[in-house]
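Shared chain: chain A. Partners: chain B in the first complex, chain C in the second.
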Partner chain A sequence: MNDLELNGITKRYGDTTVLADINLTAKDKEFIVVVGPSGCGKSTLLKSIAGLESIDSGQILIGGRDVTREEPGDRDIAMVFQSYALYPHMTVAENMGFGLRMAGRPKAEIQKAVKRAAEILQINDYLAMRPRQLSGGQRQRVAIGRAITRSPSVFLFDEPLSNLDAALRTQMRVEIGLLYRRLEATMVYVTHDQVEAMTMATRIVLMNHGVVEQIGTPVELYTNPRNRFVAGFLGSPRMNFISTRAVEVADGSAVVDSEGLARIRLDIHNEARVAVGDEVVIGLRPESIRLDGQGDHQLSARIGLIEQLGREAIAYLDAAPVRAIESENGLGHLTAQTDGRITLRRDDAVSIGFDAADVYLFDAEGKTLTSARTADIRSEPEMVDA
Partner chain B sequence: MYPRQIKAGEPARKSLYLGSVTLVLFLWLLPLLAIILTSIRPAADIAAGDYWGWPSGFDLIANYTGVFTQTPMGRYFLNSLIITIPSVIGVLCLSTLTGFVLSRYRFRGNTLLFAIFIGGNFLPFQIMMIPVRNLTLDLGIYNTYLALIIFHTAFQTGFATLFMRNFIAALPGELFEAARAEGASPLQTLIHVVVPLVRPALAALSILAFTFIWNDYFWAVVLSPSDAVKPVTAGLANLKGQYVANWNLISAATIVIAIPPVMLFFFMQRHFVRGLTMGAVKG
Partner chain C sequence: MKTLWRRHRCWLWPVIFLAPGVILFWGVIVASSAQSLAISFFRWDGFGPMTWAGLSNYVELLHDPQFYTSLKNNIIWLVMFMAAPPLGLAIALLVNQQIRGMRLVKSLFFMPLVMSQVAVGVVFAWFYDPTNGLLALIFKAIGATAPALLSNPEWVTVAVVIAALWPQVSFCMILFMAGLNNLDESQIAAARVDGAKGWHMLRHVVLPQLRQVNFIAIAVTVIGALRSFDMISVMTSGGPFGSSNVLAYQMYEQSIEAYRFGYGAAIAAVLFVVMAVFIAWYLHRMLRMEREGA
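Let's look at the complex of A and B:
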């Protein structure tokens, strides 16, 4: 069993806490993606798991064994770095066999392991080359190959695709996904790219300021964000947030009202604490806003800008007096995502519509108040029994 | 700020430029020229006071063989090699170790230790002359190769540590993390990752250290009074007799002495230039 268990990992640099009580259990063969804005502590967390950073308190178990105080080499992990970290003076084969060579394994065994890894990644042709003769994508493949050679229990990836260009990144993302299915190993993957997180993870760990905001499957986090940070972080373009006020609170539902926005009745969950008069924030995903005016609620707006992406278009809507807070363009415009065959232009007046069922409600601290909804997007975490 | 090409069609400026370069080069190389000229002159020329004129005869072979047959230069030369080569090796080994530790490990007193290594360079070594001489006497190594080897190694390691530490610090940190994650011990990391990557620095450092130690006169005089141990620099001074000096032989000996560092430089020139610039440019 290649489980990874983190119990109350805490790390401080002087007075700043970079990791605060992180708890996580990654089951055998799970692909965990740790995502968050820069400086949220995700890389530190990964290095702590690797043993490259020491932790102040907490416990790390790999395969049921406490490795908290063990050297990285004894933890049965392998790490892939953003900068590939290949040794420039060694050939690809020597790079890949380095770990086994340092462990004093016999030559034949090293050769066999390198060959196997090279075949998996289709890099047999480069084995005699040096890293500088390879392109970025090939180097990253070698770096992954080096990790595979050691057949570790847990693979750790530290933003492995960040140095690649967009096209290559997509390609490598798919390859790592396939590799994961083939290796059937536990993986922890750190990234700041939500697309990588959404597409690759069996479960996402969303971090912010050294704290885990939410852990769950990608769809779970997307449809049922626990708070406003999670709601705003996942999804591009990001969710629209509008300040409003609770005017009526009943058992299981609340009504919000603010200038320009009609009264909206929303289902709230049992533990939601909200009172009449409370400042609350509603959230609406860009794809929930419709430019044809269909839906339970309507608003009149003016098109501020259209970003045409071909397949889809992003419309920035001036719906004054309704203003989005933390809006994408800083003007308080609402963002709507729509079909690419849009005929509207800048300054056109439109009637926009949305359904109350698509609206999220957050309290002043950012906690989600609306009750959980079922995902209508089909996606299940693969390989792991939930 | 930097030398710019002189445009074609400005002959006056061009010839002025070429003229001044030639003049500066000539002045710069004049002492060397004088030594070379003297080294092939017959002794009679010098006795006659003809230092700069055309030599009355060319005693190139006679003078240069004379260096080894008529003087103990051969012995001195060997002494210099016996002192310099182990010292350079010692400096390279020690400074690689200290540089690695100081650049890659955080521990209490790291900066202080580093400051001491650097600070030592600023002490004028003349003030250490008597203590060092007494120390070698007490250790029973006065007037032995070992005294010079130990002290040259110690004195050069300060600068060399600064050099190696900065060089190793400029290597990407992820390489070290990768090695550690792969289970390499610090010693394995040093041998398999650091040393191959700092080879240019080691080449540059070996030339510098070799030149410093080979050319040292001060410690040679202080620590090695006897001919059996004396290196070339101190030996050269010995060639001057009390009443007469065979300047033609001394000049020839000087040229012979200068050859090893120059040869080393030409052999390692490629690495040397790369070593001096690599830390800055990060190749």
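Let's look at the complex of A and C:
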């Protein structure tokens, strides 16, 4: 019973609401990743779960026990901080055993727990050292070790990899994934990095302005975003959005039309509210745009820029009069992701194509209108076995 | 000229910036200390000719009961002054709480620092006054007679030190307040998650982070105790019968009032040695801390 339940968490600073009615139930042994742009309230949410911030209303249950008013130390949680937050005057072993020491556990038990955690993280050799003698990656390991030593019901991670360099970040990401498999505990992981969210989470909580935009598996969120914010946040390069107008609405489908873009018929779901003449936005992921002109719809464009990444290439396309809103390069270019063996160059004219089935439709407020599509990719995060 | 400057500016700049400090330090501190030491081997009234006295000033000092009284009082100062850092820390922890009106309390604690030492001395002398002082009024209120602290050889030093502690505690408080503002918040948060509260939080997480501030507070307090002068001058002039005298004041008394500059310089030399022991310890600790990078 390691589940975590958040019921209607609300927090305000003066007149600003930083957390608005957050509800989340993490079933036993889930890896929840809370992701969102900076200032969205994700760290505040984590601190509220930890008890480091008080909440104005709502209820927090850990393992079925109401801990809303409990001290952080009594909540049966452990937290890993972005800045590691190790005690500099203590050795690694003392750092790791501090929680149990404060709980008044006998020395032998503390030693055993520290040893076990050190073995899991392969930091036995550093146990007698001080944090300042360790590198960033080693410090982060110790911080994780300190969390493991306490064997809590819920692990909280506050952007733990942000202070590491790129190579180390990837390595630690994989390690935390393995650790999750091994510990079989509930984890709540806050990050602004969508790669971490997509790769580690069993479920993602995507937040914006203190509100949960969508909760679901990574693939679910990627394939069926509930609104334009979710669609635009997940995926790199991000989805292309093009303003257009509904010209025909029938039961279960709508046709959009705008200058330069042929009429596109799209399946919409039953609750979708759209009328003829409404301003709508279509969304098209960069990988859905093809530079060979294949697909249901074509339009002509000129290559604005090619970013060659080796395995893949990103093409920025000037498809005037069709212009992308909130485009990646700010010029209204469409972004397409293609094979790295591309031979096209800047200023080349191309015919680009896409399928109507890949197009998303959003209303003026950003709500998704197109009907849900099946996520036929594996939705469990891929992990290497130890 | 220009090329000459360009070629040499990498060492000229440091020299220019260091020069004022180096000149002042050598002129005001080192040279005059050396001169004082030299004077201690002479008999001199400050005006007339200096006559060589060898070690006789030091021999006289060793047989002077006043020297031992002053030395003993310096030790009393030192020991009692050690209360300033923990008291300062306690008050800093208190005023660091986020409570309404704490800003006013904070500024009240700042008060003795703003006042000159002489004013503090005068205020405390009034406070101790056995007929009209506040202490006398308090004693009267409970039906007792106030002791004349400043004319009691047993208690006079303690009374003066208490007066001197007042601004010293404030000073330590400010040091600790600055230290408390620089605490690593994530460490505090981590300790809260680890279940540390109250005394454990202070002992294991807060105090270790205040180590450097604590070191400075102790160093400043020791120096303050050893060079105590103005309070004694204002409150007792070393009296009654030299019972509240300390080395720094005795030195002043002998040189300026008794025109015995050689003898005064010998006292200064002894005080210098006492301080040097402490300064050596201080430098040693500081260098070690810097090496550790803590």
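Just so we're on the same page, the second predicted complex is superposed on the first by the 380 of 386 C-alpha atoms of A that agree within 3 Å, B and C clash if a C-alpha of one lies under 4 Å from a C-alpha of the other, contacts with A are read in each partner's own complex, and residues count from 1 in each chain.
What we mean here is this: a residue touches a chain if its C-beta (ideal position, glycine included) is under 8 Å from a C-beta of that chain, and two chains touch if they have at least 3 such contacts.
Values in this document were obtained by computation on a predicted structure and should not be read as measured data.
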| request: Would you mind checking whether chain B and chain C clash or fit side by side on chain A after the superposition? | output: clash
| Taking the superposition as given, does A:Asp74 touch the first partner, chain B, the second, chain C, both, or neither? | both
| field | Partner chain in contact with A:Pro88 - chain B first, chain C second, else both or neither | value | both
| said: Taking the superposition on A as described, I'd like to know which of chain B and chain C A:Gly145 touches: first, second, both or neither. | reply: neither
| request: Identify the partner contact of A:Gly235: answer first if only chain B is touched, second if only chain C is, both if each is, neither if none is. | output: neither
| query | For A:Gly36, is the partner it touches chain B (first), chain C (second), both, or none of the two (neither)? | reply | neither
| request: Would you mind listing the overlap between the chain B footprint and the chain C footprint on chain A? | output: 47, 50-52, 71-74, 77-79, 81-83, 85-89, 98-99, 102-103, 146, 150
| request: Spell out the part of chain A that touches chain C in their complex, as residue ranges. | output: 47, 50-52, 71-74, 77-79, 81-90, 98-99, 102-103, 132, 146, 150
| Touching residues (chain side chain B, partner chain A) in the complex | 172, 174-175, 177-185, 188, 192-193, 196-197
| query | Contact residues on chain C for chain A in the complex? | reply | 184, 186-187, 189-197, 200, 204-205, 208-209, 211, 293-294
| chain A residues within the chain B interface of the complex | 47, 50-52, 71-74, 77-79, 81-83, 85-89, 98-99, 102-103, 146, 150, 156
